[in-house]
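Presented sequentially are two complexes of subunit A, the first with subunit B as partner and the second with subunit C.
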Partner chain A sequence: MVDLIVFLVLLSLGYLVGRHAEKKHYRSIIERETRLNALPAMAMRSPPMKEYYSQALVTGNVVISVDYFKRFLAALRNLFGGRVTSYESLLDRARREALLRMKAQAEALGAKMVFNVKYETASISKGRRQTIGSVEVLAYGTALIDTRRQ
Partner chain B sequence: MLITNLEMVPGRRVLEHLGLVQGSSVRAKHVGRDIMAGLKNIFGGELKGYTELLQESREEAMDRMQSQAEAVGANAVLNVRFSTSSVAQGAAEIYVYGTAVRLE
Partner chain C sequence: MKYSNPQIPEGINTSDSHPLKEFVLLAGGALLLLVVLAWGFGEAGARLARFLPFESEAGLVPEGVLQSDAGPELQRYIDELATRVSAELALPPGMQVNVHVSGGDTFNAFATLGGNVLLFRGLLEALPNENALAMLMAHEIAHVVHRDPIVGIGRGAAIQIVAGLVFGDPDLAVLGQAGIYTQLHFNRDMERDADAAALRAVNGLYGHVSGAADLFKVIQSERREQGGGEPPAIFSSHPLDQQRLQAITDTVREHGWRADGPITALPAAYAEWLRDAARRHDKPAD
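Here is the complex of A and B:
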């Protein structure tokens, strides 16, 4: 009985707090994305061969965790199969956040664009009762800085 | 030392290729961070402690790669890649590698 109560409390806490946190995070992601749209990030490998560009490696990483409610949903989904939307949104948030952090670093350096952007994903707390739990996403690329203005 | 993940540097020629250089670092999280992470597993959200931990770890791996590149007489590392693997529960290995070159 006590176990059931604890479980329900955790479930509702996860649902309420997690949903609020996710909404807040998405709002902040969209706001920063519109602001940083002027700084394009490309997956192209060859930069414009202009001598006045200097370059620097920029990275952005984030470790993000799914809440209790969504993990429960994912466990249910495991029984029936199909799309696990709760993990899809987790990875979507992580990727966009990592890219934004990378762009913010490039912006601080005064970069014009970011080339050869790559993503790297790793699950951190693997093995704890076969749940994914949290993922790390790293986005990295080369920022091209126009040196003519200095 | 120029570190980039492009294969060329605009306006500069590669004089000499000096081979692959690499750096790695394995870090484990400490207990305090683990407890915070446990809470976050209920509420969801970013695990700031881990983000920082992995960032530091990555910087250390880059430092090691850089000193290796310096040892072979390079002044740039091109085409740098990152790779992460979880070795055991609670520890992650960060691996950085690239091509050491001498630019004009």
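Here is the complex of A and C:
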């Protein structure tokens, strides 16, 4: 009985707090994305411009933890199969946040754009049972900085 | 060439379904699956349990769970009545019934593994005549004849194994717990069948079924006295006493049995025997 109460408290806490945090995070992501649209990040491997630019490696890294509710929902989903929608938004947030942090770094360097952008994803606490998992997303690319006029 | 990162519309990489809706759907499905699984295993366990030979049932009862507080006279009387009732119930060959009397004031009686029937003084004291006692005994012995205790335990053990496997704590030592021998629950069909068989036995014994309904009236008035009233049918594995009385009336009419006839009184010393059993219960003999 005590186990059940603890479980229900964790579940509702995970739902309420997790959902609030997610909504807040999405608002912040969209706001910063709109602002940083002026600094494009491209996936192409070679620099798109012929002109001389200095280049710098820029990285953006984020670790997001999955809440209890999402984890429980995903465990239930494992039983029946199908899209694990509770993790979709989690990973979407992580990827976008990582890219934004990378762009923020590029912006601080005065870059015009970032090319050869790549993502790395890692799951923290991989393989360990009975732990709330976290996901790490790393976005990195080469920033092009116009230093001629400086 | 112009390079730009347009604002990506929301809802492409994520699904727009409400998490609570998904939760209800998935949790409901999982629960349903669990119930179906437990029910299926329970039924299989119940069916398999029937194949267990009656002789090996006795070995499953731990020592000390069943002991009789009855003095020699009471035990002789109970045994004699049990023999007559058993003859009417046509016990299969090899099946043997042992009726024990507990001196405790619990208002109860039950049948358990190995043909053991335990009657409590609390209930025995309330019985008005021998016909009611015969009905009570016939009901419990009918459970033994129908193999209800082992079927109940088979079902319970199978369900417990499913629960253990699903919740990751398989307690497979279910048969080692003494509690399950005294807290067996039979389902309604089992009770109804036991009632019908008991009625037939009482009719065969006395030539009429008068007094059999007295048993249920006694149980009913005891429940009312405790103030709890009758529990709703869904919470109780025993059919409501009112329904049981109705079923008895129906069965009697169906078979054309006589509903009244001469009542057989209990032995004169019956009450004294029970007081003696109570004393033995409170102060166990060395």
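Just so we're on the same page, the second predicted complex is superposed on the first by the 143 of 150 C-alpha atoms of A that agree within 3 Å, B and C clash if a C-alpha of one lies under 4 Å from a C-alpha of the other, contacts with A are read in each partner's own complex, and residues count from 1 in each chain.
To be clear about the criterion, contacts are C-beta pairs under 8 Å (C-beta built on N, C-alpha and C of every residue); 3 or more make two chains touch, one makes a residue touch a chain.
Note that the coordinates shown come from a computational prediction; the quantities given were computed from them, not determined experimentally.
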| item | value |
| --- | --- |
| Combined model on subunit A where subunit B meets subunit C, clash or fit | fit |
| Contacts of A:Met113 with subunit B and subunit C, given as first, second, both or neither | second |
| Which of subunit B and subunit C A:Thr85 touches, first, second, both or neither | second |
| Partner chain in contact with A:Leu73 - subunit B first, subunit C second, else both or neither | second |
| Which of subunit B and subunit C A:Pro40 touches, first, second, both or neither | second |
| Which superposed partner A:Glu31 touches (first subunit B, second subunit C, both, neither) | neither |
| Touched subunit A residues, subunit B compared with subunit C | B |
| Partner chain in contact with A:Val17 - subunit B first, subunit C second, else both or neither | first |
| Contacts of A:Gln55 with subunit B and subunit C, given as first, second, both or neither | first |
| A:Ser123 touches, of subunit B and subunit C: first, second, both or neither? | first |
| Nearest Cα pair across subunit B and subunit C, whole Å | 15 |
| Subunit B/subunit C common contact set on subunit A | 48, 70 |
| In the complex with subunit A, residue positions of subunit B that touch it | 2-11, 37, 40-47, 50-51, 54-55, 58, 80-86, 89-90, 92 |
| Residues of subunit C defined as touching subunit A within the complex | 1, 3-8, 10, 13-15, 17, 19-20, 22-23, 26-27, 29-30, 33 |
| Subunit B partner contacts - residues on subunit A that touch it in the complex | 10, 13-14, 17-18, 21-22, 25, 45-53, 55-57, 59, 61-68, 70-71, 97, 115-116, 118, 120, 122-128, 133-134, 136, 138, 140-142, 144 |
| Residue ranges of subunit A in contact with subunit C within the complex | 15, 19, 26, 30, 33-34, 36-37, 39-42, 48, 69-70, 72-73, 76-77, 79-80, 83, 85-86, 88-89, 92, 113 |
